[in-house]
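Right after this note come the structures.
Each of the next two complexes has chain A plus one other chain: chain B in the first, chain C in the second.
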Partner chain A sequence: MSGGEILSTLLASEVRGDLLILFHKNPGLIDTVDGIARRIGRTTITVISDLRELLQLGLLKQKRIGASEVVFLDRARDREILESVANHLKTVQIGVAK
Partner chain B sequence: MQDWKNPVHEDRNRGYNQFMSQLSRQQCENMMSMAMGTRESSSANAHGNLWTGQKSGAKSNSAVEEAFSSLLTGIVCDALANALGRYVLDILASNGLLDDSDNPKEFDRGLQSLFGNGASVLERIVVKDLYRKLSIPYNSDARFDYEKSLETAKEVCFVESRPK
Partner chain C sequence: MSTPRPKTGSSEFDQLFSSRIAEGGRVKTGIVELDEMLRGGFMPGDAVMLAGSAGTGKTTLALQYLVNGVKRGEPGIYVTFEELPDQIYRDAKNFGWDLRKMEEEDKFRVICTSPSLVLESGDGSLLDDVLRDIQPRRLVIDSLSHLEMFVKRDDMRMEAYRIVRYLKTHGVSSILLWESPQISGGAFSVTDVGLSFLVDCILALKPVEIESSLRKALVILKMRGSDHDKRFREYEITPAGIKIESAFSNYEGIISGSPRKVASEKFMELFRGASEKQKKA
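Let's turn to the complex of A and B:
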């Protein structure tokens, strides 16, 4: 997946933006899908598809703790993802008229 | 390994420090109180006026304008750093994107050229944070216009700075 594609995936919706902010501000956060939805002021049903996309990208991981399935940030993969986004942005010209 | 913290932190603080140096301590306290949405007047500021140290008119308008611009620049930096990391923010800053952060049209054009549809997501993050700081209700479902949203926030700043 190219840096541009990763960037599009990360910023595909407002919910995904909220999830990025939540996990980057709280990199040690481990919570259930319900808990994560509540933390960004949304319902489970509105976040589930965006969470799934971020899990598929590898930015988030899922594991079972007791009876609960929890989600957390994969910090190593997060670094890789942000680096590839940064490398992509280095190659793009900003279209600001000066 | 890139240091993700220092350069941008300094960059962001430059605006903040510039802003703070232009205000007296009382004005800073009043600005903070405005940002927190508290509107009670204090004994030191019986009218709840944000800019008691300055005469009314163009000068205080430009002070509010500058205060708003600094607040917005800080929020834009935080939003970009929190969403995409400090390294990305460094790149955007070095490309001059943040020079236009208080000019919604130019900033929007810059964001669009870099992020395409993702630009509106970043703009929403900025506006949401700005509205939270100014105690303005934010509705995710409403039609979004970055420029209009900033105008609304600026108006709130001006209204709050007028003598009651």
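Let's turn to the complex of A and C:
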């Protein structure tokens, strides 16, 4: 996936943006989908598809703890993704008149 | 002297062994006066309860203990059930502690989760990955009081015991914070669910009213296997963290929160007053 595609995936919805901010500000957060939804002031049903996208991207990881499924940030993958997006942004020219 | 860290991928036996090696030394809090009160620091691998009501500086003291550990080459983990990590990063920065930088260097982790997840049994404990990741020597749980919301009162002691044993098995020295409104009144009890017996050491932080101003007192209530300072010491929360001052030597009844001057001090005051009057006359 290119840097541009990753960026589009990350910013595809407002909820996804909220999730990104939550996990970047709190990289040590480990919680259930329910708990994560509550922490950004939303319901489980409204965050589930966005969480799935971030899991597929590899930014978040999932783990079973007893009877619960928890989600947390993959710090190493996060660094890779940030680097890839940063490299992409370097190539983007904004406001350049032809 | 910092305690040796177990090597990556070491077995629990190795980790236990390394904690045994460290037994000769003490786990220094890095707060000089507190280490003196503890006769050098906490005992390695001990579970310490830090009890106090809101605003007494439990979080500050616990963070200071971890940050000073990192400075000594002992990685640390702060587990919070209450505040989100970004709030902890911000508050720590006010004391000059850059936790994010320590995290980037894999010397520190702030874990924010729900108490129910820590209590979940299963093959992979919530903390297993993080413990493998940075191999901490110190860990703080903020706070044990939150577990009360998720377990029956009768089970609280057993669940706390399980957590304490888990940390001891991994050779981690821990501080367990306990919100204790009880110790602001006349009666003094650290917990009312019998947790005091589970821990090796108890530090109590207590607000004290003296001459219409609020001051703070710290006392070591218990320390297994070691002598310790038995006096109530005054402390302050300064821009550099907790600073411990002298003992409340001229007061008694500190434990009640409303101390009074000891009789000899009252007598001395009367004597000074009388002699000043005499001088003026």
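One rule holds in what follows: the second predicted complex is superposed on the first by the 95 of 98 C-alpha atoms of A that agree within 3 Å, B and C clash if a C-alpha of one lies under 4 Å from a C-alpha of the other, contacts with A are read in each partner's own complex, and residues count from 1 in each chain.
One rule holds for everything that comes next: a contact is a pair of C-beta atoms (placed from the backbone, for glycine too) under 8 Å apart; a residue touches a chain by one contact, two chains touch by 3 or more.
Values in this document were obtained by computation on a predicted structure and should not be read as measured data.
Colleague: Does the chain A-based superposition show chain B and chain C clashing or fitting?
Modeller: Overlaying the two complexes on chain A (C-alpha atoms) leaves chain C and chain B fitting together cleanly.
Colleague: For A:K25, decide between first (touching chain B), second (touching chain C), both and neither.
Modeller: both
Colleague: Which holds for A:R16: it touches chain B only (first), chain C only (second), both, or neither?
Modeller: first
Colleague: Looking at the overlay, does A:K90 come into contact with chain B only (first), chain C only (second), both, or neither?
Modeller: first
Colleague: Pick one for A:A67: touches chain B only (first), chain C only (second), both, or neither.
Modeller: A:A67: touches chain C, not chain B.
Colleague: Is A:R39 touching the first partner chain B, the second partner chain C, both, or neither of them?
Modeller: Only chain C; A:R39 stays clear of chain B.
Colleague: Which angle, in steps of 10°, is spanned at chain A by chain B and chain C when each chain is reduced to its C-alpha centre?
Modeller: 80
Colleague: Of the two partners chain B and chain C, which one touches more residues belonging to chain A?
Modeller: B
Colleague: Which of the two partners, first being chain B and second being chain C, lies in contact with A:L7: first, second, both, or neither?
Modeller: Touch status of A:L7: first partner only.
Colleague: A:G58 in the overlay: touching chain B, chain C, both, or neither? Say first, second, both or neither.
Modeller: The answer is neither, since A:G58 touches no partner chain.
Colleague: Once you lay one complex on the other using chain A, what is the shortest C-alpha distance from chain B to chain C, in Å?
Modeller: 9
Colleague: Which positions of chain A sit in both the chain B and the chain C interface?
Modeller: Common interface on chain A, chain B vs chain C: 25.
Colleague: For chain C, which residues count as touching chain A in their complex?
Modeller: Listed in rising order, the residues of chain C that touch chain A are 84-86, 103, 109-114, 116-117, 120-122, 124-126, 129.
Colleague: In the complex of these two chains, what residues of chain A are touching chain B?
Modeller: On the chain A side, the touching residues are 7-8, 10-14, 16-18, 20-21, 24-25, 82-83, 85-86, 89-90, 92-98.
Colleague: Residue numbers of chain A touching chain C in their complex, please.
Modeller: Those in contact with chain C are residues 25-32, 35, 39, 63-68, 70.
Colleague: Touching chain A in the complex: which residues of chain B?
Modeller: Listed in rising order, the residues of chain B that touch chain A are 79, 82-85, 87-88, 91-92, 95-97, 99-100, 106, 109-110, 112-118, 121-122, 124-125, 140.
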